[in-house]
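Here it is, the structure in full.
So that you can tell them apart, the chains are marked A, B, C and D in the order they are listed, and the count of residues begins at 1 in each.
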Amino acid sequence: MSGSITGKLFRVVNFGESHGPAIGVVVDGCPAGVPFNNDLVTSDLIRRRPGQNTFSTQRKEIDEFELLSGVFEGKTTGTPIAMLIRNKDARPRDYEAIKNTYRPSHADYVYDKKYGFRDYRGGGRSSARLTASTVMAGAVAKMMLQEVSTISVQAFVHAIGKVALPEDFDYVENSVEDDILNCPLPEYSRRMQEEINQAKHNKDSIGGQIKCVVTGIPIGLGEPVYEKLDAVLASSLMAINAVKAVEIGSGVRAAIMKGSEHNDAFVLPDEGDQLRTSTNYSGGIQGGISNGEDILLKLSFKPVASIAKTQKTVTADNAATLLKVDGRHDPCVVPRAVPIVEAHVAIALADMWLWNQSSKI
Amino acid sequence: MSGSITGKLFRVVNFGESHGPAIGVVVDGCPAGVPFNNDLVTSDLIRRRPGQNTFSTQRKEIDEFELLSGVFEGKTTGTPIAMLIRNKDARPRDYEAIKNTYRPSHADYVYDKKYGFRDYRGGGRSSARLTASTVMAGAVAKMMLQEVSTISVQAFVHAIGKVALPEDFDYVENSVEDDILNCPLPEYSRRMQEEINQAKHNKDSIGGQIKCVVTGIPIGLGEPVYEKLDAVLASSLMAINAVKAVEIGSGVRAAIMKGSEHNDAFVLPDEGDQLRTSTNYSGGIQGGISNGEDILLKLSFKPVASIAKTQKTVTADNAATLLKVDGRHDPCVVPRAVPIVEAHVAIALADMWLWNQSSKI
Amino acid sequence: MSGSITGKLFRVVNFGESHGPAIGVVVDGCPAGVPFNNDLVTSDLIRRRPGQNTFSTQRKEIDEFELLSGVFEGKTTGTPIAMLIRNKDARPRDYEAIKNTYRPSHADYVYDKKYGFRDYRGGGRSSARLTASTVMAGAVAKMMLQEVSTISVQAFVHAIGKVALPEDFDYVENSVEDDILNCPLPEYSRRMQEEINQAKHNKDSIGGQIKCVVTGIPIGLGEPVYEKLDAVLASSLMAINAVKAVEIGSGVRAAIMKGSEHNDAFVLPDEGDQLRTSTNYSGGIQGGISNGEDILLKLSFKPVASIAKTQKTVTADNAATLLKVDGRHDPCVVPRAVPIVEAHVAIALADMWLWNQSSKI
Amino acid sequence: MSGSITGKLFRVVNFGESHGPAIGVVVDGCPAGVPFNNDLVTSDLIRRRPGQNTFSTQRKEIDEFELLSGVFEGKTTGTPIAMLIRNKDARPRDYEAIKNTYRPSHADYVYDKKYGFRDYRGGGRSSARLTASTVMAGAVAKMMLQEVSTISVQAFVHAIGKVALPEDFDYVENSVEDDILNCPLPEYSRRMQEEINQAKHNKDSIGGQIKCVVTGIPIGLGEPVYEKLDAVLASSLMAINAVKAVEIGSGVRAAIMKGSEHNDAFVLPDEGDQLRTSTNYSGGIQGGISNGEDILLKLSFKPVASIAKTQKTVTADNAATLLKVDGRHDPCVVPRAVPIVEAHVAIALADMWLWNQSSKI
């Protein structure tokens, strides 16, 4: 499984399984001299954590991370930054039941086929628990971006099931951190909570959408023709568990638009300002390169595959069986995925920012 | 612009500008012993070529390619396969007008900012002409996949503007090559042609959608956690000019689905057969790894930015100006993009196929 | 410092500093199904360890490693294998003296210049302590090679100062593990020990040479033209601390040889055997590809820079000063470097073995 | 053969076979704005060319290169720079004789085994002709280094057979370009010519050594722990055909030195100057990072395997045969390799220079 490393200059190495001794991450390539913000790592881990409210799984994952290397006297040294989280709530016995049973729309079957066998405890390497490692690396990326640029990455819940914010609501003026669902509009948040409760009541799960807005982005990030900024972001975001669609700017709506509508007209700048556009259907990226407008991203998440309903399935020995997953799972992971989305975007931008340093002499 | 190389084991190197001496591609990492099919390269180039019908640009690009290396006595040798296309229809004088003018929603402005200056002739490196290089590499990927697997990659036009095939039409039983728009259903094709004619009549352009179906895929392609098969495909597809959204399986619809609907139930296989699923909302990929079901992809294309209508814009010197692009451009590039989509997918799959050889001992 | 990851398919990620909380390594890309041999990791760590005899530094580094991920029920799972060693013997106060002093022929000065500052405790990231991480990864590489091939990697001390084994002594018939210096010929070992004692007595240090022989190598490893097997090995070996020369096969002697001497004549094989050569000046690699003969490598190590003699040097503030390094350092690190050399070679071969799987269909 | 791409940010892609239609190179990642110097490419190609004097092969390779992309109005645009050389002097019939015969110490046998078959014409992909592609890329690297730094790379012949310059002769004050052997000291050049003539007279070949000195190097190039500058250079240099040893600074002599001799003492700098060392046994690299002193490299080349003497060998069918290579081959390639060495070093330094831009904020 050699796909656990991402990035070219700002490189992130993800390791660990859901029920092994520990999970962790190594960030290699963060420049020296970035102030290391422990609290940012912790707060992003808390935002990602299940069990923090009724809408998430009941398991307690107290994700205290340990910083193992790469920071000296409060600053990054340019050496690999390793961070570790011990797995505490491991109860292997819980998973004996699924040892030989393939859960529908999980990775059990493909792991068995690809690797010959699998660590079946809690999903092993395919567990969403692994996203905690990415979140830690994302916090480092945010620290770096804050130090070298004005880039700010903010994600929020756009839709839960059929409850969606207005399509043109792209900007986060107030923090979403106070909202239990990471949704910026309280009246929508309430309706989304109902949607989730309904799913839970039905022993079912529900999908949703997250938007992510990047502000303060410099012009020039992205490397045509195969590592365009939108391509790199799409790769990074589609790697998040449960994501089935990635849209940039106008997204799927682009298909029904006319060129005269979709073209983002340039606006004469004031003296000293940079060129801006009057609309942003491009989503901040043209020809694969950031143009300084906000980057607008939208992700669609499938509903969680682990549902409390009894499902028919098959065993590793090709026998029919019934599967009843215990009730600790989230009926909707979208709210928890907000810091994960931010982490993936921040990591990609940190990498492309470093790469762009070599574009001209 | 060091993003012109893609792939890890099956590597593709794209070079050339729209109006330079030549464009070309180098494929490094294709295994030795693959029969080289000249006709496949040519036919894919013809499918991509503008000027072949009234719905595409009037420029004649007779894309005769030259094979420079990597093939001996009709077979690949394991050495880099270089292919070249001379640029014949270069008329630099046509582009003097846009030398200092930034076309809306083109890459002119960002190239100037990123690189300090740009080759403004015909879009230079940001031209869609470059896709011919990718199409040649894609043909090599198809040759390889045909030799080592049962994988077949077929794309088709799903929508032009608001004219869309039925959502559940995923399979290509008859070749789309006879259709002028690469659309598998003639009655829809006719309506799509009207949509394009309408846009042309209005000196405008129109967007659309392409679906791509991969059949015969082995179980196991994809490398969690950052190079999942869907992540790699998303990156590859979002790198195609004008693509604004990439969906896999259920795509954006996933967001409003319940887990009990979305889960793909396993079906007990007949003796000796492999496990299948009764639905395919996963789009052939679970946990980032192919599960043997067809891979289902959908792309949304924005309308072409080059329209015949006069547009307000600005110059490199921050002066207001009017832009009137000459009428040779396609009002809709979606039909021509069908072989490009296939090429991107085939290249990604060839690479992931090779990578997967090392997953177990 | 983004150079802490090596390899293409069998990837090794090294992290940690000499006096931070821990050092460790992540191996990403080891195929699933390889039996994990804890004892091999431990025994290679012990061979590398200083303090095991009078010829090495007095510091006690009890390198107990912890396996954090990637192994389930005794076998590798195809997921990243993370291993950790806590730093126990950290005494930061010992290093206050060199905080602002640049030790001659150490990395203090260049780290300060490259990164703006440095973790000065025990050499920080430039410490030879980091080689323990590589040794752990090397043990994993050895496990894999044992499972998939007949490859065996054996290094031994060839020379300490002017005491050198006969030049044509290339083969290890008996284990060197019984010898305190990892030298296969006891009579030479005794003279080498005297050489080291002499250096120690003089408060000085002494260089030496290690040879490494790879047997059982399949034909075909190596990827021309830039990742030839000899190039990959040279890179890997020159990355070892204190190595100043890497030779393959005939090495420096090649320069004074005639073609008629140097050419390795093919020998008609017996029925069913593979083609062999009567000599092996090529060192098992021709045209960058292994030819099945033993791979013969020789490395020259400079004497340790840390010597007990008082040396003149300068401070970070450009003032003259005297430096007296305490006496805990090895007068000769060459014997301890034997398992390090093996690790570097095994890692490179594991990677090239996997890569070679894609050379032909 | 997917090893034809080297570099991380300054990437070089080598393609072509000795007797195919063309050879060439693509440089991806050269920053925009570097003045492109056609004459430098041509002069380095001429220096590499065989047939220019009696000491080299009689084949005429008029290597006129064509620039295909990446340069506009005399400057690099940041896009891939592709360069092509047509193969003119291809006479396939000359090579029928070796179609089924394995030449000793050539790559014929290993290519057959690795790839299943080979392009046997003139060595195909293993031909030294390919070095022309690297030399073109090296010229681009030199252009870039000249623009962004004071780095200068100069190689020269140090030894032919047993005729060697004084060991401490490291600096090139006068150009070696006037010397037929690229040797800086005329009296040694004459003796070297005799050595070559002697080998030729004996229908034999002879090895030799090249030194390369890099001046004007900034402090900080190199990325510990696996991509140290010396490791990267060793990889690059060992990839050159016929190289069997790479030494840095003290090289093999390091093994017999004492620490007190080998340590490079710091010298108090004059006001405003940078810190220097009084000796340079480190060869300009400490802890894997350049320290600002000249980088000192030495390479040992084996004698050419193609000799005019009749040799016993075997066929692909395991039959004994006699091999008589025609007399057009160089008895010594070392003089021609001087620009090749410079190219490899310049490419590696260009890449590491770009990489180092991201070491600190």
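By definition in this document, a contact is a pair of C-beta atoms (placed from the backbone, for glycine too) under 8 Å apart; a residue touches a chain by one contact, two chains touch by 3 or more.
Computed from a prediction, not measured in an experiment: that's the story for all the values here.
Centroid distances from subunit D, each centroid being the mean of CA atoms, peak for A.
Here the CA centre of subunit B is 46 Å from the CA centre of subunit C. Rounded to whole angstrom units, the spacing between the C-alpha centres of subunit A and subunit B is 26. Look at where the CA atoms of subunit A average out and do the same for subunit C: the two points lie 39 Å apart.
Shown for subunit A are the residues in touch with two or more other chains, namely 1-2, 4-5, 9, 14, 29, 32-33, 78, 114-116, 125, 355, 358-360.
Judged by the touch criterion defined above, the protein chains are all mutually in contact, each touching every other. For subunit A in complex with subunit B, the residues that touch the partner chain are 1-6, 12, 14, 102, 104-107, 109-111, 113-116, 125-126, 130, 134, 159, 161-162, 199, 202, 204-209, 219-220, 222-228, 230-239, 243-269, 275, 277, 281-283, 286-291, 300-307, 309, 311-314, 318-320, 355-356, 358-360. Taken in their complex, subunit D has these residues touching subunit B: 1-2, 4-5, 9-11, 13-17, 20-24, 26, 28-29, 32-33, 66-70, 72-73, 75, 77-82, 84, 114-119, 124-125.
If you check the complex, the residues on subunit A that touch subunit D are 8-9, 29, 31-34, 78, 144, 147-148, 354-355, 357-361.
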